[in-house]
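Given below, in the form of structure tokens, are the structures.
The two complexes that follow have chain A in common; it is paired with chain B in the first and with chain C in the second.
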Partner chain A sequence: MKDLFGIIYCLFDSLFGQNLADYLWGYDCNMQSFSNTNVFNRIGLLTLLLSFVIVFSYYYLINHPRFNRWWSWLVMLGVTGATGLFLGYGWTVADFHKGLMGDCLLYLRDANGEITSSLIRESDCWMFGVVNGILSIGFFILFSLAINIGGRLIPRLASRNCKYSPF
Partner chain B sequence: MKYRMMLLLAGMMALTGCDGRPKTENRRAGQLAGVVSKPDSKPAVHVYIENSGSMDGYAGRDKTDFKTSVYTYLSDIKIADVTDSLNLFYINGEIIPHSPDVSDFIEKLNPATFRLRGGDRGATNISRLIHTLLQETLENKTAILVSDFIFSPGKGKNAEAYLINQQIGIKMNMAEALKTRDLAVIVYQLSSEFNGTYYNREDRPTLIDGRRPFYIWIMGDAKQVGELRKKIPVSSFKGSGVEHTFTMVRGNQTVDYAIRPGTGKFSLDRQSPKNKITHAGKDHRGKLSFAVNVNFSALLLDDDYLKNPDNYELSDKDYQLHITDAPGGAHGYTHSLNFSSQQIKPSRLSVKLKTGVPQWVEQINDEEGLDIHAEGAMGKTYGISYLINGIYEAFTLKQDFYTEIKISIN
Partner chain C sequence: MSKLYIFGIGGTGARVIKALTMLLASGVACGVDTIVPVIIDRDMSNKDLSRTKRLIDNYIEVNKIADTRERNKFFKTNIRLLNHELCLQLMDNTQKFEDFTGKSSMSRENQALMEMLFSKETLKMDMTAGFQGNPNIGSVVLNQFENSDVFKAFAQDFKEGDRIFIISSIFGGTGASGFPLLRKILHTHNVKDPAGRVLDNWGLINGAPVGAVSVLPYFTVGSARDDSLVQSDTFIDKSKAALSYYKTEDKKIDTLYYIADKHTSAYEHNKGGDAQRNNAHLVELAAALAILDFVDPEKTAENIRRDEQGKIRRTTYKEFGIRSNAPEINFENLADKTKAALVNPLSRFLLFRNYMKFVFHKQHRRQPYAHKLFTGHFRATDVIQKLEAVQDQYYEWLQEMEKQTHRFAPFNLTSRDALDFVKGAIRYQKKSWYYRNWQAVDNELNKQTEKINRSLENEKKFIELFFRATEALIQYKDKPHDR
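What follows is the complex of A and B.
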């Protein structure tokens, strides 16, 4: 269960690269083991929470007849996706620039210690942002479905104005 | 009367030594006058130069590569902080001490001094020489022996039987020592101008003027020998420089290794990231590839040996192996083993670094030892392969590999 987020993210690891995945799993170049914090869990939980907050805001706080059309829901979905994207990118690129990623994950070096190629680039952080955006959209859809179905099963819990949006 | 008794007792002690046995001129090295030894964790280094008659030719001229090599090596030992106690000896049938002054030792490296130092200069029993050195290196000592390592069966002897017996003797002595000690042996082959008398296997003398091989043999505790090798690498030898090296350490040693991230399309196993990969896939070349960083420094083997894929035995023949230097500054790793395979299959890949006698030993071995003017004989050593094989067999009685690396692939 503690690896659930990592497993989900790594369905897309071909997009952001194995080395960034190893960093996010918590690989420590000095210890040569996965002894650092599992960053997947942190980003995943925050993304899950953000998606929930946006869904909850749409159905219960905004909850306005003007916004109960499918496209309104789609706009919120887009907002969630963009938030997830910038969260994923921002988190990883900050770690990248802060030097938190181990040298062994960042570079291939020759015998003289000269860098022969970079293994993690800023573009990988963008791609991780995209994956996080996709994941946040997934969470948004799941929460929307849960609220829609829950509202039909228990009417007093249903959103007053958006209970049929978008399904 | 009391004073006379005391003088008499002091005189007896001076003659007999503390153990009551009579002193002889050439005693065991550790008990010799002129030997500087301090109670320190650093090993004492005992350097033995063989001064049998066959060595005269290397020291015949004022300046030879032999003298240059030995002088610079001994000077490097002196300044490299590997020992506080560098002791110098001549050796043949007996051990003959010299003062620890390196420059004086080198200045006196000439046939006249060789003769003057005496001992049994007639013939060299190499098996007995090795036995003596093993005894000498018992207590925190590293032995360095400079010799031509030419076997001397003598006239009318069955040379082949003699060489085989010598090999067995060397093997037995070494094997016995290895039961209780973690020994390492390094044999450096060098060459030098030789102007003097060469003795063939029947001890028949021939005057020659040419280049002849000679050897610097290092033996002692593996860690201490490793330290010596690290501080004074092969590249620092002067004169002809080291032309070939033979190294033996005990087999089946544990070395530190770890799969190198980013060297292929795979994931590191989160429980065993150093030796297990998961989700292995083919890269853009259509191959599974990965690299393993290894620290081979404890094995004391030279780079050429470690970089030769023929010296490795892979349990899965689908894998190709290419060895490079490890990336700089990575946990003291010395080499990277780069694997690639067209096939992806779950397996447990075993990689053994095999022991072996290097090819140069056979190339430099003179099997006949009769005619030094025969084609190529000048650059060869009579019976050297029996010496090397004797050591090799002793070290490989139990294991025929230096170390084993195991990688799981899923």
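What follows is the complex of A and C.
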């Protein structure tokens, strides 16, 4: 269960690269083992929480009779996707610049220790952001479905103005 | 299940019944479950009568979707017609007065007497369009109520606890003559039908509480362009003469209401028929309020003063007054009790009408309250069409009262704002910064939809929902004025 987020993110690891994935899994270059904190879980949980907050805001806080169309829901979906993208990118790029990623994951070096190529680039962080955005959209859809179905089963819990948006 | 039988005599009778129907449609409280209106008019083709008939027909249909077990008050009071007829048809439809009296077959002496009593114009008068302000003719011609089928149905239908109310104007022909005649028949013992059988329940009718409103002059008419005998110069004199006669009605009526307006409106002169279409007037609204006052359970002790044998101890006389006068009357000018009775129902029904006119077509496909309930052909269903027809008539009625010299204009009828359409210092509730204008109404409809009984039919849900939403949005609480 503790690897759930990592497993989900790694369905798309071809997009952001194995080395970034290893960093996020918690790979420690010194120990040559996955002994560091699993960053996937942190980002995943935060993304899940953000998606929930946005879905909840849409259905229960904004809850407006002029913002309850399919496109209103789509706008919120877009906001969630963008938030997820910037969260994923921001988190990884900050770690990248702070030097938190182990050297063995960042560079390929020759026998003299010279860098021959970079294994993790900023573009990989962007791609991870995209994957996180996709994931946040998935969470958003799941939460929306849950609220819609829940509202139909227990009407007093349904959103007043958006209960049929978008389904 | 108490009923009130209302006899509306003449054009004023029809217009007061129209005003009462508007009040009932908007949900003004009524102390009886059922109203049974009967209009007595010789002029069956007058436009005021046909407009009232159309309104009542629509009301009766809409009343079927107003579930009395629910919270809804729109159209709550039943209106029922006797024999499905609004009008009491007089058996004799002779056109000329002299033919009605059978003058041609009278002896020469009697013919001479007739010519002494009635002018030539009166004798030759065509009564198709009523009595044209001649109560002396009315008192002769109308003396045949009991022969009509509707009157027999009235007797059959009457039950213990039911009441009777008579509406008439004092300054015309039909009303001024019809009122005392009808009152007399109601108190005559053992009234018989043409076959000689005593009408059913007549004893109950003899002893039933009777209220009446006599409308004094509130309009004048221009000069006649035809052979009409109606002259507004004579209205005051006729009223005086009738009032002196009405003195004899003391202790024969439980409560007698007098309504008048010195600030008269001038109407176009029409003898009657299709052209007689007078705009609605505050006085008619006041007369309709008199009917509701008469059946107010809290006022039974003051309205019906009878001894142990059931005889009227004292007739209660009432007049309608307003707090302050002005050429344009709004809610602020009305007395506190009148204002308290009218502000919420009239405002809520107007809000309902305005929503249907301006917003429903845009929002019903988008709002949860209408989801799978009020979409598709719902609006085209017969009963909803009739509901909207009543709302159109209601709006027209408000517009007409605004057009009078003494205007009743409580609302800004051109306003398209959801909750800012009342004139004067009246405020319904604090405005929401978040749900603006019609958004507040949609929000309330979406909120109230969860509170509706799910087992109701869609049409019943619809009226219940709109009542609850408008009730939540418009909750004017009267603060009595300092005296």
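Everything below uses one rule, namely that the second predicted complex is superposed on the first by the 167 of 167 C-alpha atoms of A that agree within 3 Å, B and C clash if a C-alpha of one lies under 4 Å from a C-alpha of the other, contacts with A are read in each partner's own complex, and residues count from 1 in each chain.
Simple rule for what comes next: contacts are C-beta pairs under 8 Å (C-beta built on N, C-alpha and C of every residue); 3 or more make two chains touch, one makes a residue touch a chain.
For clarity, every value in this text was computed on a predicted model and none was experimentally measured.
With chain A as the common reference, chain B sits beside chain C without any clash.
Of the two partner chains placed around the shared chain by superposition, chain C is the only one that A:Lys163 touches, whereas chain B remains out of contact. When the shared chain is aligned, chain C comes close enough to touch A:Arg69, but chain B does not.
By the document's definition of touching, neither partner reaches A:Ser123: not chain B, not chain C. Once the two complexes are laid over each other on the shared chain, residue contacts for A:Cys104 go to chain B alone; chain C is not touched.
Of the two partner chains placed by the overlay, only chain C lies in contact with A:Pro155; chain B stays clear of it. In the superposition on chain A, contact is made by A:Asn112 with chain B only, not with chain C.
Superposing both complexes on chain A places the Cα centres of chain B and chain C at an angle of 170° as seen from the Cα centre of chain A, in steps of 10. Of the two partner chains placed by superposition, only chain B is touched by A:Ala21; chain C is not.
Which of chain B and chain C touches more residues of chain A: that partner is B.
Remark: least CA distance from chain B to chain C after fitting both complexes onto chain A is 49 Å. Residue overlap on chain A between the chain B contacts of one complex and the chain C contacts of the other is empty. Across the complex, chain A meets chain C through its residues 64-66, 68-69, 155-156, 158, 160-164. Residues 363, 366-368, 371, 434-435, 439, 442-443, 446-447, 450 of chain C are the ones touching chain A in the complex.
Chain contact summary for the complex, chain A toward chain B: residues 3, 10, 13, 18-19, 21-22, 25, 27, 29, 32-34, 104-105, 108-114, 119. Chain B meets chain A in the complex at residues 258, 260-263, 265-268, 270, 273-274, 324-331.
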